[in-house]
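What follows is subunit A paired twice: with subunit B in the first complex and subunit C in the second.
== the complex of A and B ==
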C-alpha cells in the first residue's frame, strides 16, 4: 500500500511571448527572479508540493513557448490539465487582447470534459514596470473581461518583485483541486520493479 | 586428427554476428601447427584467469569452466583456455565436450578481433574472432577480468578499438576497421555455421548465394556428428525465437538486425540495467544529479556497481578508440586545403577533417561561410571578396527597407510592430551571460535585432520565429561583421527554415525520422516510447529546433555545429545525435518506466550534462550502423537538406505523420 497518497494537479501557463510565464513559475516555485531567462523553447514544467486541509498535493506547472507558431504543440502538453493560467503583460495591450485566443486555443486542444466550467485564472503581470506609468491595460478592463468569461479569478502580479504571486497560485491550486474529477495517483518513493508505476485513479483501488 | 573442430555455437545472437565469415575455415584454426599446451618452453604466463567458462548450450547450468591464459614466448603472444578436468557441471557434458572446446595456444597474430560484452547484469564475456573468420564460443569471466585481459593484450600486441563498435577490439588488422566490421553484415555465412553443423533444417534457407563458398565438407568433415550435438542444436533450431535464420531471410531485416545488435553493444543493452537505477533512486537524487552520478559510476568496477557504467565509458585506461576526436583544424593545416587562388581543393576531405575535430576558433570566421554554403568551396579568394562586397550592399538595401519605416507608418503597420516587438523581446534574452552580449545597450544585442529584423524582411513569409535568435547568436559571435553574419544566417536558414514553418512541417518530419531511427536502432526503447505514449518525440523538440543550442555551453555548441555542418557522414547527423543521447540514457528511461512528463523533464535537465565528444562518436557509429536503412528513415526534404523542390515534403506520407503526431 502507498505510504502517502498525493494528488497531482496539472496547471498550464499560457500567454504571449515575454509576458513573464517562466518568471511567474520560477518566482512561485523557487522564490527567485532572474533577468537572464531565455525564451522558452518547447515546454518544461516545475513541481511544487502544496498542502490543503491536511492533504498533500503536487502542483505540476507547465510553462510553454509563447509564440503562436508553436501552438500546435499544445495538444501534447495540455491534456489532463486541471487549471489553465492566462497571463498578460499589463504594459502590453496586444498581450491582453490575445487572452481570448489563448483561452479558445486551450479549450480546443485540451478538450476538457466540461469546457464551460473549466477553471481559468488570469494574471496581469509586470505591474512593477516603470512604477506603473507604462501600464496600458487597466484593472477595470481586465476584470470586465474576466467577468464576461464566467467570473475568471483575476490577479495582478509582479514576478520580479514577488508581488501577489503566492496568492495567485494559491487560487490556481484551489481551482485545480476543485476541477472535475480528482486524479488520485500513487507516487511511491521507491518503485516496485515488478509492478507498473503508472498513475492509477482512485477508482481502481477498490 | 582427433579433435573435433566444431564447437557448438551458442545461440547468442552476438556470437552469430561475430561469425561473419563463418565456416569456411573451421578446419585450420588450431590444426596442429600450434604447439600443444604443454610446450611453452621459455614461455611466460602474462595473464591467468580461473573460472573462465563457456556455455555450450543455451542453459547456463551447462557449462565448462577452465583457465584462460596469455602466454608470451619470445615476441609472440598466445592465448590458451584449458577446461578443468572432471568439473563439468552437468553429466551431459562429456570429456568429448571438454576436448572439443579446448583452446590450444592460439597466437594473437591469428586473432582478428575480440568482442567484449559487459552486460549490466550477468557475466562479462568475450568473443575471440580469428583472422580466418572462426570465432570461439563466448568466454564468460565469472570472476571478472575482461578489462585486464584486454589491457594485457595491449601491452604486447597492437590492438585498436573499432571505429563503429566500441566493444570490438581489432588485433593486427586495422587497416580498414570500418570495412572489417561492416563486412559482418554478411550474416548468413555466420548462420550457416550454426545451421550447417547440425541438421539441414534451415540450411536450405540460408545457403543462398551469399554462402556459396561454403562447402558442406568443411562443416561436417572431422567434426562431431554426435547425436548429442544434433539434439542440442535442434532444440535451438526449433525454437523460433532463437532461430536466427528466420530473421535473416531478407537483406533488409538482416541489416536492421545487425544495426541493432551492433548498437546494442555500443550502448548498454538491457533493460535490466534499470533495476540498479531504481535501487539508486532511493538515494533521492534530484534529476539534475543523474548525469554526474552516472559518470561517477563509470570509475567503478563494472561488476560491482549497481548501475554499471556505460560500456563506452568503460575502461578509459588505455585502449585506443577507433576514431578518436582530433584536435581542431588550425590555420597551417587549413592552408594545405587551399590552392594558390584560395579554392578548396578537396572539400570532402576538409569536411571530414572538420567532422573529426572541428575548427580552431580564430579560423571559424574563415571556414564557417563554406560550411554554411555562403561561399562555394571552389570559389577563389578574389571571387569571395567580390561576392562579399556585392552582398554587403544587398544587405544594406534590405536593411533600409525596415529602417525607413517612419513612426507614422509603423502605427499603421501592425505586423511590423509585432515582429519587431517579438525580436526585441528575444534578443535581450539570448546568451546575455556571455560577455559578448552582456550589459545594457550592448551593441551586439542591437546587431542581433537588426539582422533578425532584416531577415524577416528578406524572408517575409517566414518572418521571425523564436529560436532564430539562438541560431544567429553564435554566428554573429564568430563572424562579427554584420553583413557576413546576415548572409551566413540566410544560408543556415535555407536549410533550417522549415523548422520554423507555421505548420511545423520541418519539425514533424525530423521528429518522425527520429521515431523511425529509434525503431531501427533500439527496439526496446522504441517499445518503451510506444507503450508510454511518447511517440510524438516532443521531448526532442528543443534539441532539433535549435540544433542543441540550449544543451551545451556556448563553445561546445559552436563545435557541435561545425561538426554537423560538415555533413559527414550524413547531412542528418543531428538526428543520430538525438538517438545517441537517448541511447546513452536508455536503461534509465526504460528502467524507471518514464512516462512522457518524466521523460520531458529528464531530457530538459540533461542540458549542460551531455558529453559532446562521446555523443558525436556514438552518432557517427549509429549512422554507419544504420546505413541505408537509416537513410531510408529520413524522408526527402527533411531539414537540413536543401529543399529539392517546393513539394519535397509532400512526398512524405502525411497520413503516417498524422497517426503519430
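== the complex of A and C ==
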C-alpha cells in the first residue's frame, strides 16, 4: 500500500498462437527479441512501470497462451482487466478472422460493466516479415474491422524490429487509464444496534 | 552454571521435603483435575523424541526478519513456474553463513552454560556482503530488565520496498504474506513493493483460479521446505509462503487474522465493490495502513493471543480493576457499545452494553490497529472501525484516546455523531482514574511485570497470602528496583520451569509468565512461542485429538501441555527436567494461577456475556 497513489492496470493480451504476443511483450518490457518460438504455457506475467502525464502507474501484463486448450482458464484470467489487446499476424488471414472470436470470448468471460466502451487495442504484428511481401491482411481491412467495433485503436508493429511497439503500449496504457478513472466513494453501513445488529440495507455507495 | 550443577539443583529440589507435593486446591473440581503422571499415561502422553524438533535451530533469525538459511530458494522458484529469466535457485555468490553452533549451544549437554544467552546472541548470521543488513542480531540488553517486550526491538513499518520477486533477498525472506484481489491485482505484500510484485500476484491468482476452475480449492502447496497456504475470502485472496515450519493450521489462522484486520479497516462491504466492478483497486482504501499489517504479522511471533484466541490482562489488585470497571460501566450505560481500557496489548478492564460481546480476536485486531497507528497517540481520535467477529458488514465508531504513553481508552459506538459525547465520557473516566490512582497503579504494574516462574510458591499457602509479592496491592515499592538490578543468572523456576501460559477457557483470557533467562532474547522467545503454537495446533488437531496431556522432550525444552474443560496450560521446562517433577510443578502453577486469579484476570464483574 504505497502512500503515493499509484494505479495498477491489468492488461490482457489475446490472439492466436504464434502471432507474437509474447514477443511483443518482451520487446516492450525487456527490449529483447528472440526468433525462437516458445509456446506460452497458460500465461506469462510481466510488470512494467510507466509514466503518463505526470502519473506513475504499473502495467500488469497478462500474456496468455493462444492454444485452444488453455481457453478454459478464461474467466480467471480475464476478470478485472482494464484493457484487452487483440493481436493478429498480418501474414495470416486466419489469425485476423479470429479477432472477432477473441473479442467475443473476452466480453463473455470478463463481462465488463460497459462492454460497448471496454477499451480494446488491436495490433497487427510481424509487418517486417519478408519485407511485407507475404502480407495478406491489408491495413485498410483491419482498420475497417476496428471501426466497426466501436473505433478500436489500431497499430501495426514489428516485435522483431521494435517498430511501433512503444506507441501501441502507450495507447493501451492511456485507454486503460481512461476506463479506470471514475473515483468512487467508499461508504459501508454503520451497525444499527436497535434492529438486532443487522446492517441497514442502504447499500454501499461505491 | 553448568548443566551438571543445574541438574543437581533440580535434584535438590526433588529431595527437598515437601509436605504436600500435589497441592490440594480448595475446590473439589480443581482437585479432581490435578495432573499426575499416571493420569497422563492413561490419557495417552505423546513423547517427543529428542531431535524431532531440531529444524528450528537451522533458522537464521533475528527478532523480526527471517531469512532463509539455505542458499537455494526452490519453493518460490517453483511457484513462479511461468516466469522466465529469473535466477532460479542459482544463488551462487551470496553466502548465508549457517550457524550450526547453535545446535551445540542448545544441546542437552550444555543448555545452560554460562553466557547462554550471549552465545546465542553472538551466533549471528553473517550477511556475506549481500547488502541485507537487517539480519542483525538480537540485542540482549533489551531483555535484561525483565519486562521487555519483543515490540521494543521491532522497527515498525515496511522495509525492503525496493525488493521484488526477482531480488535474491526477497526470495530468501522466510515468511511472506500477500493479499490480492481475485483479478490478480496486488493489495498488500509484507516484503517488497506491491506494484513491482504485480506479476507475482498474477501468478498467485492464476494458481488459485486454475484450481477453482476445476471446481476445487487449493489450501496448501508444499514445495521443498516451503509451505504455500491459500485462503480465499470471496474476492479477496490471501497467501502465505513460509519456510518457518509452523503448522498449516497456524499459518491459515494467521491469514484469517490478516483478513480480519483488513475487515476492521474496511468492512466486508468491499465485496460489493468487487461485485460491481471487478477492476476495483483496493489499495487506495488501505492507504497508510501498511504499518497495521506489518505490526500484526510481527505479533504472530510474540503475542500468544494470535494463536490462543484469548486476551490477557494487566495484573492489578482486584479493587483497582473493579474501580476501573465501575467507571467504564457508567459510560457504557450512556449509549456506549463497548468501553475498553488497555495498556499496550493488555486489558485493564472492559465492559459492553447488554448482550454485546467482544471476541478476543476482535480485541487483538482493534488494539493492534490502535497501537500501530501513530496518529492515535498524538490526539483524540474518532475513527470508523469494524469488528469482524461482531459484525463484519458494518462500521462502528471508535473514540480513542491515550491516557499516558501506554494506556489508552477505546469507546465504541454506533453513532457517527457521538464524538462530543464520548469526549465527555473520556474526561469523566480520566478524572476518576486519576483520582482513584488507577493510572498510577497501572504504571506500577507495567514496571513490576506479571508472574515470574522464579516466584512459583513451593508450598500451597493460605489463599489470603500473596504468592507474588509484586502482584497487586501487596507490592513492596522497594522490591522491584532491586529485582531489576540483580543480574539474572537463574535457570528459571523450580524443577527447571522456564515459562508457562495458562489459558482460562471460561474467561477467554490467558496469563503468560514473564520471560526470564534462559529464555531471554526475543529470538528465543519467538522460538518458544512457535513451539507453543505447534503444541496448541497438535492439541487441537481434529484428526488425532483432542488430547488432554502432552509431554514432549527435545533438545530445546521439555514442553508440557494440559487441557481440561476449564483451562489449558502450556509449560516449558529445561530439556533435562524430570518428568514427575515437571508434572508436579504444573499442578503448582495451576494452583498459583487460581490463587492470584483476582489479580491477573478480569472476572465477571460486568453483565458481560462471554
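Following the convention adopted for this analysis, the second predicted complex is superposed on the first by the 175 of 206 C-alpha atoms of A that agree within 3 Å, B and C clash if a C-alpha of one lies under 4 Å from a C-alpha of the other, contacts with A are read in each partner's own complex, and residues count from 1 in each chain.
Note that in this section contacts are C-beta pairs under 8 Å (C-beta built on N, C-alpha and C of every residue); 3 or more make two chains touch, one makes a residue touch a chain.
Model, not experiment: these values are computed from the prediction.
Touch criterion not met for A:54: it reaches neither subunit B nor subunit C.
Of the two partner chains, neither subunit B nor subunit C is touched by A:130. After overlaying the two complexes on the shared chain, residue contacts for A:44 are found with subunit B and with subunit C alike. Greater residue coverage of subunit A by touch, when subunit B is weighed against subunit C, goes to C.
By the touch criterion defined above, A:81 lies against subunit C but remains apart from subunit B after alignment on the C-alpha atoms of chain A. Looking at the shared chain after the overlay, A:7 reaches subunit C, while subunit B stays out of its contact range. Legend: residue contacts after superposition of the two complexes on their common chain; A:17 is shown touching subunit B, with no touch to subunit C. In the overlay built on the shared chain, the residue A:116 is in contact with neither subunit B nor subunit C.
In the superposition on chain A, the residues of subunit A touched by subunit B in one structure and by subunit C in the other are 41-45, 60, 72-73, 76-77, 189-191, 193, 197.
Residues 275, 278, 281-282, 284, 418, 421-422, 425-426, 429-430, 432-433, 465-467, 469-470, 500, 502-504, 536, 538, 541-542, 545-546, 550, 592-593, 595-597, 600-601, 604 of subunit B are the ones touching subunit A in the complex.
Those residues of subunit A whose C-beta lies close enough to touch subunit B in the complex are 17-18, 35-39, 41-45, 60, 65-67, 69-70, 72-73, 76-77, 94, 189-191, 193, 196-198. Against subunit A, the residues of subunit C that register as touching in their complex are 81-84, 164, 181-188, 193-203, 205-206, 209-210, 212-213, 266-267, 269-270, 272-273, 276-281, 283-290, 337, 353, 356, 384, 386, 390-391, 393-397, 414, 416. Residues of subunit A that touch subunit C in their complex: 1-3, 5-8, 10, 40-47, 49, 58, 60, 62, 72-73, 75-77, 79-82, 110, 112-113, 179-180, 184, 186, 188-193, 197, 199-200, 203-204, 206.
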